[in-house]
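Take a look at the structure set out below.
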Amino acid sequence: MTAHVRNAADAGASVLSVRNISKAFGGIKAVDDVSFDVNSGEILGLIGPNGSGKSTLFNCILGQLKPDQGEVRVNGQSVAGKRACDLNKLGVGRTFQMLQVFPQMTVLENIILAGQEHQGTMFTRLFGPSDAGLTEEAAKLIDFFRLGHLRDELAGSLSYGQQKLLDAAMAFMAGPSLVLLDEPAGGVNLTMLENLKERLVAFNRERGSTFVVIEHNMDFVMSLCTRILVLAGGRIIAEGTPAEIRSNPEVIEAYLGG
Amino acid sequence: MNSRNLILVLVGIAALIAAPLGQGNYVIYVLCSWLIFSIAAMGLNLTLGYAGQVSLAQAAFMGIGAYTTALLTMAGVHWIFAAPAAMVLCFVIGLVLGYPALRVQHHFLAFVTLAFSTLTFLVLRNEEWLTGGSLGLVGIMRPKFLGFDTMPQLHFYYFTLAVFVLVALLFWGLVHSPWGRAFKALRENPIRANSLGVDIRRMTLLAFAIGSALGGLAGALAAPLVQFIDPPAFSLMHSLKILLMVVVGGSGYFFGPILGAGLVIVMPEFLRFTEGYYLMIYAAMVLVLMIVCPTGLIGLGRKFASQFKGRSVRGDLKEGAKL
Amino acid sequence: MNRRHVFALAASALLLSVSAPAFAQETVKIANISELSGPGATSGVNWRDGAAMAIEEINAGGGILGKQVQLSQYDSQSDAQTSRAMVQKAIDEGAFALLGTVYSGSTIVNMLVAQQAGIPQMTGSEAPKITQLGNPYIFRTSFGAQKSMPKIAAYLQDEMKVTKVAVAWVNTEFGKGGHDAFVAEMKERGIEIVADVPSENAQADFAADVVKLKGSGAEAIFVYLTEEESARFLREARKQGISVPLVGETTLIGQKVIDLAGEASNGALGHVSLTPDAPVPAVQEMAKKFEEKYKYRADHNAIKGYIGAYAIKYATEAVGELDSQKVAEKLHGLTLKAAENPGILIDISWDETGEVSRESYLVEVKDGKQTVKATLPAN
Amino acid sequence: MTEFLQVVLSGLATGSIYALAAIGFTLLWQASQTINFAQGEFVMLPAFFVLIGMHVLGMPLIAAMIFALILSLILLGVIFKKFVIEPMLPHGTLPIVMATIALGILMKETVKEFYSAEAQPYPSLVADRTLDFFGAAVSTQDILNLVVSMLVVVALQFFLSGTRTGRSMQATAQNPQVAEILGVNIKRMVLYTFLINAALAAVASFLISPIYLAKFSNGEPIGLVAFIAAIVGGFNQIRGALVGGLLIGVVDNLAAIYVSAQYRAAVPLILLIVIILVRPQGLLGKAEGRAV
């Protein structure tokens, strides 16, 4: 069984380490020598104006782009050359900017799918139980995200906000040590947003999960994250708690001055 | 499976058992072809409907299965060993063919299988020492099982039916296993599936190889049914025919290909009165179906059913303003 | 394993399961199974129309043994497996005798079913193998390649004094049968095959084939292609200036080929048994009537279908009762003279294997017309 | 050497016609992600329009060709786009694949049933003469084919990169969203693509039928070759389709002589597979971003 509750002794250890990452596209440096660490249990916000290199950095971390130099390690292992599924097996969960659920499968099936590849072997997945022994655990997670009443509905028939919750829940199913959330607030209305934030915070507290969040919505980031990195022109220009960032003149300059 | 569905399935099987009774050899022959093509179409449905890959070589795999079975049984090997050998061969060829094609790009499997289909035809025709060339192989024996001789047409039908039911059950198990869930996921959203740990390349490859192996099994049944095989019976045109079965019936639905195979095989019977025009009418009907309802007949049926029942209440509306 | 042995075993086993068709009937049911759709449609439709015209004439003249004939049509879709199913269907529906199919690949398969049921079958196929399998129910309407090739070979050797020959053939069951029979005949006579060039079905570009043949040093080229391929081949041969004689079967010098190839067909030689242009008044008359009725020109398949239908009539009347078994027995060793049996058009005999013998002609295309160069006796 | 020259020249003449069909194929793919399995039948059909014009309506050859061209533009261009492809576009590639397969069968069977099941002689635009080219025989029809198809390709290339409409079409093919933002009328550009494809098919038909003869079943081999040529050359490049077409024409003939006549049809297919493995974007194609 996958342990959702991480060992308390791990708290504070580096889950993600980014070292001197640079990436240029045709002479323009999208990411320029960026380094930072994310410790266990943290919710790290990654913000910056459009074109500041957030997405490029994100893709480098996820192994989708090969950085020109530098290295990304998750739990001490390099992500270089890893496919998305390998990275997931390494303990990295993620969501996408655009909503990504499986509309023709039920909520329960969506969640089971998100966990099943971490259970047993190819062989047991073919000849073992059809839910890979995950129904109970999946139901718990669904309840946690307050989708219990929709368990057997097709994911495609859910409202946008509910799908967004499901989307996030899937990223957590396999008990990842690190979850990367790409603009989780995008397109979500205010009430839904509160709900989503509240659940994410609760999850972080109860299970000690580590998040990295890219987000434009300042209020959302400020109230969710424990630490924030500000990216501008491919470099980290500020780092600190939400309160520090809010009052940092360089950040204000980057956003307003451009 | 709920009890109502279970009853429907049992009734279906009973109908299949009763179907050939009192019928002439020809009708039984048509029923046999239907079951055999259903197996091939089910295999293709796994590739196409579940894993979302177009294969244009299903008939070629049938051919490989048929020739393997024919050659082995004619050399004295019992069908019960020859057919699995044919399936394994098709599975392995599927892996060898699919691995490089899927490494490259999504729709390239269609192109590779298209080429493979014609290459298979050429090899079957040209390698006369093995395959009998364009004149084919004659005199394929029907198997005997512990005193049950499948030589009479009716016996052969029950033999085919038994294999069909077994395959359908295994197939049902497969698509309802975690593998099946992964297949569906990679059809609906491969990128998301990949990020959730589904090795899309491996699963797609497996879906294609298993689908091809089922094509091989269909061939292993077709050879003793017709007792004769020649290369044109497994040409590209027939691959397209099987593709048609899957799409017309409804790809991605369990019963879609079975329905589709029935239609494609039985349709010429109904359109016979139109003489030479039947292919034309047939093509026109497929064209219209694709324009009106690309999800095939089962999709069309569901469309009607849901309009009839009134639109089902959306889950979120039921729960009102909870969110 | 001995194929014939396997086959006999299969036949006897299936015989038990097939119920014999009923014989007490008001009409005589004859089934035609031919290529009504698919790539063989031209041949199959010709065959069907020829047969249908004959049956109409037979019915107008009082039918068979005073009973009207009901001709039902089955489409093999030019596919061997379908043809087998259709023969099965025809027999299930009580056919007394069968006509078809034209494709040799189909006939080889579906004749097993007719054999199991004991129903005589008149085929339009010419592959040698058909009459070599020991099937007592299969009968040709035109002789197979193993009868025609010796005639051509003899002409090549004795009249044209050829010692080196090249072969161009289409690599299908049709072409393969002819090719093998021709090559065997050449070997026997010690004529050297200097080039052996197979082409694809419906091939359009014969440049490479002709290049190969041209450089082979052959003194004559034997061309065994379908009509359209022949036309394309003849044009390419003319373009590249092939000067040695081109010799073939009906498919090289038929009117259809002449129409398509135009001037390029002049000088081509062909061995012909049944064509609308055969120098036999009965055949020409039949062809004329056919063209008036169906608005297109009969080919050899139409004439074969016509003769096939009449052969069933004459054989049945010779037996004197509607008994499929006895008709089949009667046909073996039967000779029908056109003088007494006008529907047969040209004198014909069947041997013990169902193979036929008949006089034939060697024809040359001159100024876009077939002209008979020699009459080749029955063999 | 003469042998080699003869085969190469004949291959080029046939290949130039394959190229026309292959170019249309690529254009449709670019503009609407349509894999047109009826492309071969698109090349088969216009010749019959000409025959109808001449033999049924009694037109002279040139008038019949214009009549056929117009009919092709309407049926294979406008009608095909509006009533077949457009309704299916939202449902992805597969229904289009099935529908075009069915359309191909429909066209083939219609010609067979309503015109003729047999091959028809088809008039050439030039008097049939054979010229000697360093020992190789070249017919006037061969020369016409090469010249006309090259002219068509050059004109098309000029139109696409040299005119405003052409550039808009290319922008639409590369990125419809961006093109729309730039004010390009996407629907119209896609329609133009379908019209160009229909015109290319008609020209290919006029050129190939004097050699192939007009027959309902001609589409199948042409369609397959166009398909292979497009992929081998590069699915996203006109020049690629041209090179692919010529290459397949020559390779097919060379294979028949120097490899094996029995396996001549295998050689282009093996070439196809090798290209897919080694250079999936095609010989001249540009690599597309990898879809993960």
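Letters are used for the chains, namely A, B, C and D, taken in the order the chains are written, and counting of residues starts over at 1 for each.
Here, contacts are C-beta pairs under 8 Å (C-beta built on N, C-alpha and C of every residue); 3 or more make two chains touch, one makes a residue touch a chain.
Note that this is a predicted model, so its numbers are computed, not measured.
The set of chains in contact with chain A as well as chain D comprises B.
Of the two chain pairs examined here, C-D and B-C, the one linked by more C-beta pairs in contact is B-C.
Of all the chains, the one whose CA centre sits at the greatest distance from that of chain D is A. When every chain is represented by the mean of its C-alpha atoms, the one lying closest to the mean of all protein C-alpha atoms is B.
Note on chain placement: the centre of chain B and the centre of chain C lie 37 Å apart, centres being C-alpha means.
Once the centre of each chain is set as its mean CA position, chain A and chain C turn out to be 75 Å apart.
Rounded to whole angstrom units, the spacing between the C-alpha centres of chain B and chain D is 32. For chain B, the set of residues that touch two or more other chains comprises 125-126, 191, 194, 276, 279.
Counting partner chains per residue, chain A has residues 84 touching two or more of them. Residue positions 41, 45, 171 of chain C each touch two or more of the other chains. Interface of chain D with chain C (complex): residues 3, 6-7, 10-11, 14, 112, 117-119, 121, 130, 137, 139, 208, 211-213, 215, 217-218, 220-221, 249, 252-254, 256-257, 261-262, 264-265. Contact residues on chain B toward chain A in their complex (touch as defined above): 174, 176-179, 181-182, 184-185, 188-189, 191-200, 314-316, 319, 322-323. Interface residues of chain D, counted against chain B in their complex, comprise 35, 83-84, 87-88, 91-99, 101-103, 105-106, 109-110, 112-113, 224, 227-228, 231, 262-263, 265-266, 269-270, 272-273, 276-277, 280, 288, 290-292. Taken in their complex, chain A has these residues touching chain B: 83-85, 88-89, 93-94, 96, 100-105, 109, 112-114, 116-119, 125-128, 130-132, 146, 149-150, 153-154, 157-159, 161-162, 170, 173-174, 191-192, 195.
Interface residues of chain C facing chain D in the complex, by the touch rule stated above, are 39, 41-42, 45, 171, 197-200, 202, 204-205, 207-209, 211-212, 215, 227-228, 231-232, 235, 238-241, 256, 259-260, 262.
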